[in-house]
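So that you can tell them apart, the chains are marked A, B, C and D in the order they are listed, and the count of residues begins at 1 in each.
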Amino acid sequence: MKMYLELYASLMHLLPPGKSRHQREISVNEGTTVQDVIESYHIPPEMAHIVLVNGHFVCDERDKHILQEGDTLSIWPPVAGG
Amino acid sequence: MQRSLYLDPAKCTGCLQCEMACSYEKLGEFNPSRSLIKVFTFHEEGRFAPYTCTQCDDAWCLRACPVDAITINLSTAAKVVNEAKCVGCKVCTIACPFGTVNYVHETGKVGKCDLCDGDPACARACPTEAITFIDANATGYERMRAFAEKSISAANATAS
Amino acid sequence: MSWTRKILRVNLTEGTCTPEPLNMQWANDYLGQRGLATKYLVEETDPKVHPLSPENKLIMATGPLTGTMVSTGGRYSVITKGPLTGAIACSNSGGFLGNEFKNAGWDMIIFEGRSPTPVYLYIENDLAELRPAEHLWGKSAWEADDILHADHQDPNLRVAVIGRTSENGCLFGCVINDRHRAAGRSGVGTVMASKHLKAVAVRGTLGVAAPHSSDEFFKAVADGKEVLAENPVTGQGLPTYGTQVLMNVINGVGGLPARNMRDVGFEGAENISGEAMHEPRASDGKPNLVTNAACFGCTIACGRISTIDKTHFSIRDKADKPQYQGASGGLEYEAAWSLGADTGVDDLDALTYVNFVCNEDGFDPISFGCTVAAAMELFEAGKITLEDTGGIDLRFGNAEALVAVTEALVTGEGFGAVIGMGSKRLCEKYGDADLSMSVKGLEFPAYDPRGIQGIGLNYATSNRGACHVRGYTIASEILGIPVKTEQTDTDGKPELVKAFQDATALVDSAGICLFTTFAWGMENIAPQIDAACEGDWSVERCLEVGERIWNLERMYNNAAGFTADDDKLPKRLLKEAIKSGPTKGQVNRLGEMLPKYYEIRGWTESGEPTPETVSRLGL
Amino acid sequence: MQHIIIGAGPCGVVAAETLRKKSPSAKITLIGNEPEPPYSRMAIPYYLVNKITEDGTYLRQDQHYKELGIDYLSQPVTSIDTGSQLVTLADQSQLPYDKLLIASGSHPVSPPIEGIDLPHVHSCWTLEDARQITALAKTGSNVVLMGAGFIGCIILESLVKRGVNLTVVEMSDRMIPRMLNETAGGLLKKWCIKKGVKVLTSTKITAISESGSGMQVALDNGDSLLADLVITATGVKPNTDFLQGSGIEVDNGVVVNNRLQTNIPSVYAAGDVARGKDFSTGNFSVQAIQPTATDHGRIAALNMAGMDVEHHGSLNMNVLDTLGLLSYSFGLWMGVEEGDSVSLYNPEAYQYINLRFGVDEDEDVLIGASMLGDTAHVGIVRGLIESRIHLREWKERLLDNPIRLMEAYLARTQEFG
């Protein structure tokens, strides 16, 4: 199934080649979890700090959160500003 | 192994921790205005340049001193001002073509970097490794020294 | 030792500069900078004073850690009664000025009265005198800075200066130091202008004495630096992307207001983000961002130094303005949001240009951007016309209009004067007061209180009006620092807001930067204060001092005429639900949080500290 | 190999040391003509205010010469026989040499006016002069300083610190005319007056006569001054008298080529006595300054040691501290015709800076500068001038604001901006 992966800040370089700054359409199997995507794109676990699916935080239980067709998974390293 | 200060402007953020560390080491107070290392800010270019004595082989300051107050520390090769001997005549301040010897009003003597007896406080304090104290042969601060040898020596004298 | 124990009193009416000893009892109770200067202001002025009258005072104050090797120990604050709000104003700035004050031997400078003619204060260690500034009046902050450096032939001179906007009566003028650092909010620069004080030029060579307990001090300082270096936020995220890394984050979580907070979520966010600042541009292959930069003593170095595309319309025909051709400070997140998302403009170079002008002429980009945004909404609604704007087509998203209105503000002519009043007065003038996105007259920063509940409570209760850096609950609600709380919950938010507000008051009074708190807790900060200052500065005492400061500010505001009715948010944020995105349907539920907040603060229902609270905190 | 060096000032000492480095086995003899070990005249002002004792003026430690195997004699040289390569000393002894360096320095000259030979009229050149001045310049003494040039200004402070009533008489229209223009010289005068010194410029002393226990100093404006001590500081001349008949060419200083060699191939000359090459003009002239003396000493010695080292010229530069006000001059501080220049003048703060640029292809090259007041990192002025660095866009920036000199230097030597 198709879904969207968005990586930001220092994780951007882990994106496969493509045109958009942050977003790639990716294909995953049914039943893929957030944790599966984090691992398959070699995102160091401590660097997957802010993890959103469709703008909603996935805080604990990343390995239980099953992605759906058309979902957008967005990931940031630890960041802050003011 | 001889070690030198390696100053890398590309890594400097202009935070002046080095200036505080230097002044604390030498004076026991935080006083950037009297630091022997100085960070210069290039506003239009967005660059910062930490700058201090390269302990150059040619040691214009040492040669210009009329009273033998600048000597070489044999273990660090630093050119060191002996405050007891310095009379404050300031000739070294105009003789050093790098501008790294300065007159210090408060003491009536001149001041320059002496490498803190082989453990420079500035390098310890630098958070970005813009200032490191490393094997002299590996230092890119050859850039300054090369400049010295290329231009100043050439202007003054050349061996053929 | 930490405090120089000396303050300088400058009577502008009389033209005198008089040293006096620091009140050490107050220093023990209020630490320094924000807290201590507020104490002086409270004791010395009538809270009902008109902010721009000679009877108002303006205080520039350092903290006990200012000028020491504590990371970020270079801060100073400007404390006065703010003309935009009528509330206590305390604007904190980095750069290099605070250290210079301290090295010249001064903890604090109190300005009182009004000079008959423009002057600047020159300080060289013990020498402090007012000098004529006719030649500086009417000059931009950058020009005046250059002239002072040349006049004094001293490259090491540090200068705090106001720009033309403050002189022209713009109510959100800043005090600019080191060209692109600002005591930015509430119009503290406008107060300085009202005193005919153009600048303060300082040279300090006396040094800051070693802390009384130097071994402990250096240990605490080294520990603190290590924590900052090893923390991914302060060690990597901030130096690389600066505060601007938040643009996409806040947009992503449904917390980024846009178009005068009419919308939440900005489709152009990524074009003006920290990541975009790293991208090579078409014209010359160089990115907008040149480097990161540190303020004095800072081992984080989050500052942005950027350039404008030379082919961009904002500077293309400005060969006579070389100051825009090179690098300068910005963009930071708040400015990028207010100048960009809130006006609907996603042109990074236009925002960089406007930000440069904010620095060059000393005005708060948040208040400015928000005021322009309000004007744009009124313009689109037909309440402001082309005639009003002098022909500027003030639609949302129009970068040319944003640049034009910026330049109009600098001259203070025509519509520029209207923008200079701030959004509250502007919206009242054009008949729709509810369109001002402000609290107590101070415009909002870049986090939407509908999508992020706690920050809404903080905005409503912040003593200087809508301000994120009085209690930056975003750290917890979005960024998970120190722990993640749910952004749309109101439970626990009063406690969170109070804890952040009190801790921030302490940090702002110490001489260090709030950004350290992304890595440091009070258990990292207290030992550094403790080793630097006499007395026992435990975590508990630090937090109590923070709470005392917060309550002191509150009591000043209450005495100035503010009541619980002023702890409110604009109707839009309470009634107009977010239309789309992950926070769709949300409004801010301030009513659920405010009573509990008053209760845990120890305040009455009308928002006044109870006698028990006053006595517990020794106020 | 026998090297002889005549003159034990900084030039002679540096030459001896350089020779020792390059010729470990050569015999090196250093000849001075004062009773003290080699010392620095530059240190005399500090001796005058008791900041140092006499030995604080010594160029090197006691054992230094012995340790380096340098023979040190204190004997005036009376003549040189360049044919048989012999040096004759005052005691009639003769020393043979293979290579000879004349580094005999200079001596003060006084104008030929009546009374210049009176006992309480002194120059301030040798340690012996300094001892005399110390004895006579007491608190409340009336002292007249004749000449406000380098030497005059250097000793001014020590006299003020000794508490004397000081009057400076300078025939030129300003102080240190060889180093400062009207603006800077005028500001320095104002400074001295503020510090309690009476300064008379465009004034000549016409005669000195005994008057009671002191002296009367007559001025060309008709006034006269009472003086317990008159110090003359009216310039110096190379010490070349003893070269008469040696065949060594002298023309207001010993004539040398760009290897500091005289017309006699085995004889070199260096320091205040030599007409060395000037970096800025390419002409040969006597500079009589400390950094040049040590440059000369080193380069002459390298050539004497058999190396072929060309002297490209020394930069004329000076630093003076007059009652706490620092003044500097470098290179062509008066500029060249058609060359750009920029100054900043802040009389309230006693600050002045003036930069001079070249012409044609050197229009963006710094060729000279003068300053008054504290100037941090001032040595880079030498660096910029001697390296002939093209300042490019930084020239405009300097014309706009000359205090950005250090930035210009760093930007152009570290290749950014």
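Worth a mention:
To be clear about the criterion, a contact is a pair of C-beta atoms (placed from the backbone, for glycine too) under 8 Å apart; a residue touches a chain by one contact, two chains touch by 3 or more.
Here the structure is a predicted model, which is why all the values come from computation and not from measurement.
The chain with its Cα centre farthest from the Cα centre of chain B is A. Taking the mean of each chain's C-alpha atoms as its centre, the chain lying closest to the overall protein C-alpha centroid is B. Ranking B-C and C-D by contacting C-beta pairs places B-C first. Mean C-alpha positions place chain B and chain C at a centre distance of 38 Å.
Per-chain Cα centroids separate chain C from chain D by 57 Å. Inter-chain spacing, taken between the CA centroids of chain B and chain D, is 27 Å.
Inter-chain centre distance (chain A to chain B, centres taken as mean C-alpha positions): 50 Å.
In chain A, no position touches at least two other chains. Chain contacts: chain D has residues 376, 406-407 touching two or more partner chains. Contact of a single residue of chain B with at least two other chains is seen at positions 44-45, 47. Chain contact summary for the complex, chain C toward chain D: residues 146, 149-156.
Per the touch definition, chain A reaches chain C in the complex via residues 6, 8-10, 12, 21-22, 46-47, 49-50, 52, 54-57, 59, 74, 76-82. Every residue of chain D that touches chain C in the complex is listed here, in rising order: 344, 346, 349, 351, 353, 373, 376, 401, 403-404, 406-407. Listing the residues of chain C that touch chain B in their complex gives 67-69, 71, 96, 99, 103, 156, 179, 203-210, 225, 229, 239, 290-299, 301, 305-307, 325-328. Looking at the complex, you find that chain B touches chain D at residues 9, 38, 40, 42, 44-45, 47, 49, 51, 60, 63-64, 66-68, 85, 87-91, 93-103, 105, 108, 143-144, 147, 150-152, 154-160.
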